[in-house]
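Next come two complexes built around subunit A: one with subunit B, the other with subunit C.
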Partner chain A sequence: KREKHNGKRRNGDRQENKRENQRRKRSSKSVQGIREESQSKTERRERSRRRKGKAEHETSGHEGNKRERDQTRAKSTKSKKNIKNEKTRKLEGKEDGEAQEKSEKGKLKLVCTKNEEKIESGDQLKEKEKALGVKKKKKRRKKVVETSSEPETSEDGDDEEEVNNDGEVRPELLSPEELEKLKEAVDEKKKLIQSLRGKPWPMKQKLVTLRESQLFVEKYEGALGKGKGRKLYAYKVMMTKKWMKFQRDFENFKTACIPWEMKIKEIESHFGSSVASYFIFLRWMYGINMILFSLTFGLVMVPEALMGRPYGSIPRKTVPRAEEAGAMDFAVLWDFGGYAQYSVLFYGYYNNQRAIGWFKFRMPLSYFLVGVGTVAYSYMVVIRTMARNANESGIGDDNSFNFSWKMFTSWDYLIGNPETADNKFASITTSFKEAILEEQESRKDDNIHLTRFLRVLANFLVLCCLAGSGYLIYFVVRRSQKFALDGLENHTWWERNEVNMVMSLLGMFCPMLFDVISTLENYHPRVALQWQLGRIFALFLGNLYTFIIALMDAINLKRKEEKVVKYNITMWEATLYNGTGSENSTAPPITIHPADVPRGPCWETMVGQEFVRLIISDTMTTYITLLIGDFLRAVLVRFLNHCWCWDLEAGFPSYSEFDVSGNVLGLIFNQGMIWMGAFYAPCLPALNLLRLHVSMYLQCWAVMCCNVPQERVFKASGSNNFYMAMLLVILFLSTLPAIYTIVTIPPSFDCGPFSGKNRMFDVIQETLESDFPAWFSKVFSYASNPGLVLPFILLMVLAIYYLQSTSKSYKEANVELKKKLQMQNEENKKKNKQAALKAQMDLEEAKKSASQTAEHQRNNNDSVQRQEGENAKIYMTR
Partner chain B sequence: MTLLIKCMHLPFSFSSRMVSPAIALAFLPLLLTLIIRYRYYFVLFYRAVLVRIWKDCVTGLSREERAFQYVLTNSTPGDPDSILDAFDYWCSKVEFISNIGPKKGKILDRLLMEQSPLTVLELGAHCGYSTVRIARALPLGARLYSIEMDQGNAAIAEKIIRLAGFDDDTVELIVNPSDEVIPRLRSDYNLERLDFVFMDHWKKCYLPDLQLLEGYGLLGKGSMIVADNVLFPGAPKFLRYLRKCGLYEWKIHRATLEYSRGIRDGMAELIYQGIK
Partner chain C sequence: MGTTASQLAKDSLSEYQELTFLTKQEILLAHRRFTELLDRDERNHPNPRVPMEVILTLPELKSNPFKTRICQVFSTSEDKDGSLTFEDFLDLLSAFSDSATLEIKSHYAFRIFDFDDDGTLDYGDLEKLVNCLTGETEDTRLTSEEMRQLISNILDESDIDKDGTVNLSEFQHVISRSPDFVSSFKIVL
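Then we have the complex of A and B:
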């Protein structure tokens, strides 16, 4: 109702304005017109000022002063008219006719206003500007109200026209002198905008002034030009605005094109950047795996499937007779046996035929090069990313200006959730408290021994835990070897899967224990996260290497078996051919179904299978923990809370927090296993891609649905490179065993692309000899001789040393420059302080003198004194 | 440690065909984590429930009576400070009673000093600790109405209050459930406006009682309400209401649970702003 009333009043206002406009048009190009207009302007200014005062409850002291000053002056100079205005304004809402009357009165007052203008010559312009700015604002508001309450398009148009009139008609009507003045005013405003930052005003006032002067400049800058210039200017402004809008839209489009960007942003806004950093890392990993996958899929699996010999053509591509019965069972397939084992998914399926298909695809060579290429590519990407991150993050130092950093940079501006903001607020306050306490304690210097002791103790406990878990895994692996010797069929499912189970369980629970232990240490959460990462890293590494050692043992067993099988096969073949040969030497050789041919235990396929199984079980554990540990817990907490004796949500079980360190390490180790196993199981990158894709969605959902923000939300931009460093280490550690097996162990004799060769890398030599011209192999052999290689390596080492030393010197120079900057800043501060003090002194003196003169004059004349004093006051306040 | 491992071993050694001991051992870190992480809760459970049941059986007295006996023998009559000290000692060293405790009590004292209210309402006197604490900090001429539902507790609270030297003019104990008393406050006790309300009774009653106070117009602009234990055991509905309704300017003083170091708790401080 109130709104409607407002609208009505404004309607009245508008009508009056329209009438005025009409009047203006009628009497345009005459001096009268100018005067009238200025009159109406002053009138409106008054009104707008009052409205502004009404609308803005909070006005800073300075502004209040100014308004007061304005009002006092208005009272002194044109109190009569003011009163009338006020009266009319009061009645305005009720009667429309009253408005007309007022305008009539305004007309009568024309002469009066003319005088006024002479009096307020200098200040008038400024006042007008301000009033204009305000008026424009008012009009906008009016328009909004109008469109919301009662949409009248015709009136709207009128309104706009009026605005245009204000902007366009005016400058043409002005005399050259006034134009000059306007130009000056525009320049002044521009200067003001530029120097606004340095002004010692309160922020609110700065904002108001900035907005007003910007509006003013925008309005009159173009209007100052004549005819064409103005249009061109308007066109330019419009185009720049459109261009800016287009740019913004384009940026939005670009962000929308980045996969999962919006999801990650949402998570970031709820959980802070540390959780988001995990998801960004996951996305990055997804990208890398995409490339690994396309390499193996496009250059190994697809050519073999399309152009290689079909399934069932040779023994290595056929399921053996003994396994045929259960080869399609789900249990077998789930274990990657049966048909899954004898397919392009594993090493053993590939044939050692040099070239396949109609365009002579070099299959073994491609297999080898892809295996090397994936690892090389990963090294390249990881190192490049690390270098880039180091450039970004290597600038700040954390030790100096501890409190100012906390003061000005601790807020995470990406948070968009009230709960997280609450947590962040609490964490900032606690961090301040802690920092103050730390500062005090560092001065006291007595508690440091206790902290040190606790830290040592914590590390000792963690080491114990690591040793215990290592021993447990060792024990389990030993036992499983015993079981394997006995024959797996005699044992239960639990015993067969003991190793995987124990590894997953330890990998799940030990980090929790570390987390609990790390509360002893009392580190900053960022540091604590790194320690935690380091510890879990050690744990996982131990687990992984135990696994690899067990695998090595298995490989040796298989190779022994292989020797026996090889001997048996030659015997078998001999008996076969002898048998046939003795009967009839001319008869065609008996065709034996490939499934019946005896074959060796292909250790490469076994290794590949183990890795695939490990990945699958790992993925399953992750998802099941997610569902049980997070989702089920959240559901229980949420719905049992209605009928429980304490607050489950805020108290004891509560919702789980997102475990950044554990998830990051899970991801990194998963990747390590991919790198290790991808050579023997080309399907691994594909599986990993699938897993990453699913976990992206699943974890995004789980985080948003069942986790709560950490209590200590902190920024984690620095730890990104830490992830990368760990990834690099894992990459190195995971390529070691792969390279070891490739270089030292001869490939199986009857399966895989390298069967029949002494070593796997012989394939390169073979290609060089047969596919390249003779001179090339000669050059290669020269190039690979130690006499050339060693100097080259030496040169590289020298180059690295040189680059490192130069970067060190740059760093030092940087530190020096920083110091210089600091010094300069301090000096500037001192100078500024002195200047400010001086200004204060001057001001005080001026005040004294002003008051003295005022007193002096008061004695002389009462009436004159009042005005003068007020003038002085006005001067002072300005 | 070793004992625990043995304990873990025992049940599984019988059924070793089912689950191997190694898998069971892998659960050991989880168990340790749970024990370490929630140790304060276990301790609290032991002190607040097990010890209480045991002592109830042995002495035949209720917990509050035992506390009163101790306070009677170990404090100076007429001195509120010594009574509070005796209570604190008993609650932290001997048994557990969920009083407001010394740390949160200090916050309460500060708020009372700042506010210096003339009419104070306390919901849930229990055995009089918080009543004495509030009465001690009141200015001259102020009056405290304390509501307690339980007869036995109220009798003990009465004795404690008198022991501390506060007479009927300062502290008035009302033995009735809070939701019956609040509607009658205006008529029976001639209360126009409450300056300060302290809530420490059933956590589930926080919200209904607050709404009752609002409904009967007992809160004026600037009245302060302090609610204890809003995080543990916790009053989630109360907090949710505060977030939504917008009638109050409020904040939570974070502290730990009384007489226990590791359990987080908070005291909500509300200032009634009225409808804007």
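Then we have the complex of A and C:
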């Protein structure tokens, strides 16, 4: 019985195939009809492409074998005329397709074939679906066709098919090959669904294709999942479906979690992508600081606050008696003295107890590792981002498409503000004109000596500025140390905050000075911008390093002081014990309030405090300049414009522009200070987070309400990696002094988690010895001896060298390939020209011959006429 | 108001997510913006069409020099008036979205620049393109000599087969090397 069933099923199959053929015919007919009607050329092209795809599909598609079989079978039922029809149609389609391809010069060949594949599969499935949908109608037609040859089987087949269509395909009835094919088809459909969004089709077409392929997949997937041993497959399918859904939801969730998206979009639409790039950079920075903050907060500050000894239990955690009176004053707290100084915010508060709390948290180790981890994480992130940026910009450095890029990619589609759009129009026009001028190279540098002289002069002036600012900072820091020795209370507010104020003011006014100086140089604006950035960078860096050098001096002073204090303390302890009971050493220890214990100066906390103050004053100056320079200016310009003798909005003060590069530089330097000081003041990332958060809102508001779009809009993407490189340099330069102090200077004896140790990194050694089994420390000591480390470093260097040389060779290969491509293009050009010439010659010849024959014929005609006339004459005469 | 009738069905929403580069929130936002453009009596229409003039009042498109071309390219209406249905609108946003691929972006960019819809960028197309980019005012326009120079330079660079026009594959080749095409070919609601 089963055999019979099988046979029937095969019959049904055959019928289906036959039907499919007919359907295809019909569809191609209808396509033709539509094609004649359609007017749009693009549409036509696509259709003909699709048709071609079908033609190919019919002759050599991946189901070609099957189809051939079908056709041979179909021959028995179909009339020969039918076949002929089909063949001619096929040929037509093919020719059409070929013609189309020719007209596109074969350039699109790749694209074409790709599209064909896609469309092919789409078509195929459409047919199948329609075969189901329009079943009844077809059935009737089919019966008409088939009654002549084999009426009985066809009826049976139809019935069988109906069952098949209503129920599922029975997998156990299919041969393994067919199953395989089916599976392939299903996979293909799935791929199609995946890639559907990347297709430039109208939504309707995409929707139809999606629905059809989903139906197909569901139907046949169910079939595949039915038999025994296929449960795993069904399970897998289900899981992938769930996984996809989850992924999509997660993606949605992720985009919903990105903060400030709407704000940035608004700015993008008003100011173009370059201003927005600053805010995106700011947001990225915020993300990094978030991680740094959670590291320090979660692993250092919170454990110490919760599980460490409470405030007041030991001297380092108590405000000394001398400072107690003013420890809660706002001025002192604002300076991060008093209670703020003796808290988890600073290095000195942490105890050197090896393990704290009930689960033995290794505090000093954690402190050290967090410090290292902060730096390591920052390096990783910056370098990874740089690499990704480099990948994205790819080979964008060659200038072979200078004009085309200006033409095709210079419009920023995000611009939604008419004013910005006008600026953009102007800048595009100037860039076109400049490019043309440069191309012509008609510009003459008439007074080259003068420009050279001016440039040298400008650089000299800038150097003077830099040296002056460096000296000023050094001078101020030294003076402040003198003040500090005298005691801060005797000095005015200015004298106390001199260092930070001077640094901030220099950072504010020097760039303006540079701007004025750079007008001397007469550079192209892009070059001028780079010079300007370089100079500001040098200024900030110089300032920072003078600050650090001065700080080093301060550290040395403190360490000298520390020695004295240490000596005094031993004396003090001795006198204390001597005074009370010298005769009995086992006397109960005297309880002294921890606030009264004399203590060392703790240089680490001093460094941390300096950095925190620097950050605070920097933030303040940034905000104040923002408020005065942008907001106040905008308000004045806006409201005084009614009663002023010239037009303020168009004339001198006008509104300010948003200075992208300056702001990015400020952000980078701020981050550098964070990296530098974070080891000595664990609160720095938190402070920075706060600052960035406020900046985001404040600057967004300031940009939207009081800035005008830039006149010259620079591209954001080109400078992205430039900023990243700067960040990397700053990261390196700022970790350098921090690491130097950690490695070379012994920690203070009575404050901080490493007190009592010779060097800070001894904590690792200690942990290895006491917390790990003996063999581990042995292995570690073997691994860290120079005999092993040096070869390892050598190996890494070799690996770097190898990678570099391979990348170089790839580049060379690229260049070679490009050359080849150009050669080929030229050859093609030549060939085309020759062909065109030949064709022209042929045409002319043909014309000539045609005209000759025409003449000939005319002559003949004439002669015939003449003859006839003569004949007639003769006839007449007769 | 009639907002309840214009809610997106759940399954069509998921289909749109499958077929575009947009997230759920973006699609919902697009739908809201689109229904705001419709009159009240049009909202009950099953598949409403918004005429091009109304679409162009969107602030995202208002100052774009290619706005009419964008509408025409994405419109599926039979009489070529640039009117958009919601699905056309989604197509537009998807092509201009952040995560769309370079391939699809360059395809649509080509069609937008192809002013006469003949499948290649010829001299006329490029001229119109330059005029779009330099704005309407007289002082920013290029002279005809400059225009000729510029277009011949462009054709020198990107017309690889030297047939005097830039076709799609040549265009995509040029665009794919550009560092900032993907980041600037964006429209976000």
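Definition applied: the second predicted complex is superposed on the first by the 496 of 878 C-alpha atoms of A that agree within 3 Å, B and C clash if a C-alpha of one lies under 4 Å from a C-alpha of the other, contacts with A are read in each partner's own complex, and residues count from 1 in each chain.
Assume a residue touches a chain if its C-beta (ideal position, glycine included) is under 8 Å from a C-beta of that chain, and two chains touch if they have at least 3 such contacts.
What you see is a predicted model; the values in this text were computed from it and never measured.
**Student:** Mind telling me which of the two, subunit B or subunit C, contacts the most residues of subunit A?
**Tutor:** Subunit A has more residues touched by C than by the other partner.
**Student:** Using the superposition on chain A described above, determine whether A:E218 touches subunit B (first), subunit C (second), both, or neither.
**Tutor:** Neither partner.
**Student:** Which partner does A:V502 contact after superposing on A: first (subunit B), second (subunit C), both, neither?
**Tutor:** In the superposition, A:V502 contacts subunit B only.
**Student:** Now for A:T492: first (subunit B), second (subunit C), both, or neither, which partner does it touch?
**Tutor:** First partner only.
**Student:** In the overlaid three-chain picture, which partner chain does A:N641 touch, first (subunit B) or second (subunit C), both, or neither?
**Tutor:** first
**Student:** Does the superposition put A:A426 against subunit B (first), subunit C (second), both, or neither?
**Tutor:** After superposing on A, A:A426 lies in contact with both subunit B and subunit C.
**Student:** Looking at A:G416 after the superposition, I want to know if it touches subunit B, subunit C, both of them or none. Which is it: first, second, both, neither?
**Tutor:** A:G416 contacts subunit C only, not subunit B.
**Student:** Quick check on the superposed pair: does A:N402 touch subunit B, subunit C, both, or neither? Answer first, second, both or neither.
**Tutor:** The answer is second: A:N402 touches subunit C but not subunit B.
**Student:** Check the residue A:E649 against both partner chains and state whether it touches subunit B (first), subunit C (second), both, or neither.
**Tutor:** first
**Student:** Report, in rising order, the residues of subunit A that make contact with subunit B in one complex and with subunit C in the other.
**Tutor:** Comparing the two interfaces on subunit A, one with subunit B and one with subunit C, the shared residues are 426.
**Student:** Okay, in this complex, where on subunit B does subunit A touch?
**Tutor:** Those in contact with subunit A are residues 17-20, 22-23, 25-30, 32-33, 36-38, 41, 203, 231-236, 254.
**Student:** What residues on subunit A touch subunit C, complex-wise?
**Tutor:** On the subunit A side, the touching residues are 40-42, 45, 104-105, 107-108, 110-111, 193, 196-200, 202-204, 206-207, 210-211, 248, 251-252, 255-256, 265, 268-269, 273, 392-396, 398, 400-405, 407-418, 420-422, 425-426, 428-429, 432-433, 435-436, 439-440, 715-718, 825, 828-829, 832.
**Student:** Name, in rising order, each residue of subunit A that touches subunit B in their complex.
**Tutor:** So the residues of subunit A in touch with subunit B come to 426, 465, 469, 472, 475-476, 479, 492, 494-495, 498, 501-502, 505-506, 508-510, 512-513, 515-517, 641, 645-647, 649-652.
**Student:** In their complex, what parts of subunit C are in touch with subunit A?
**Tutor:** Touching subunit A from subunit C are residues 15, 17-21, 23-25, 59-66, 76, 87-88, 90-91, 94-96, 101, 103-104, 107-109, 111, 113, 117-119, 126, 129-130, 133-135, 137, 140-142, 146, 149-150, 153-154, 156-158, 160-163, 167-171, 174-175, 177-181, 183-188.
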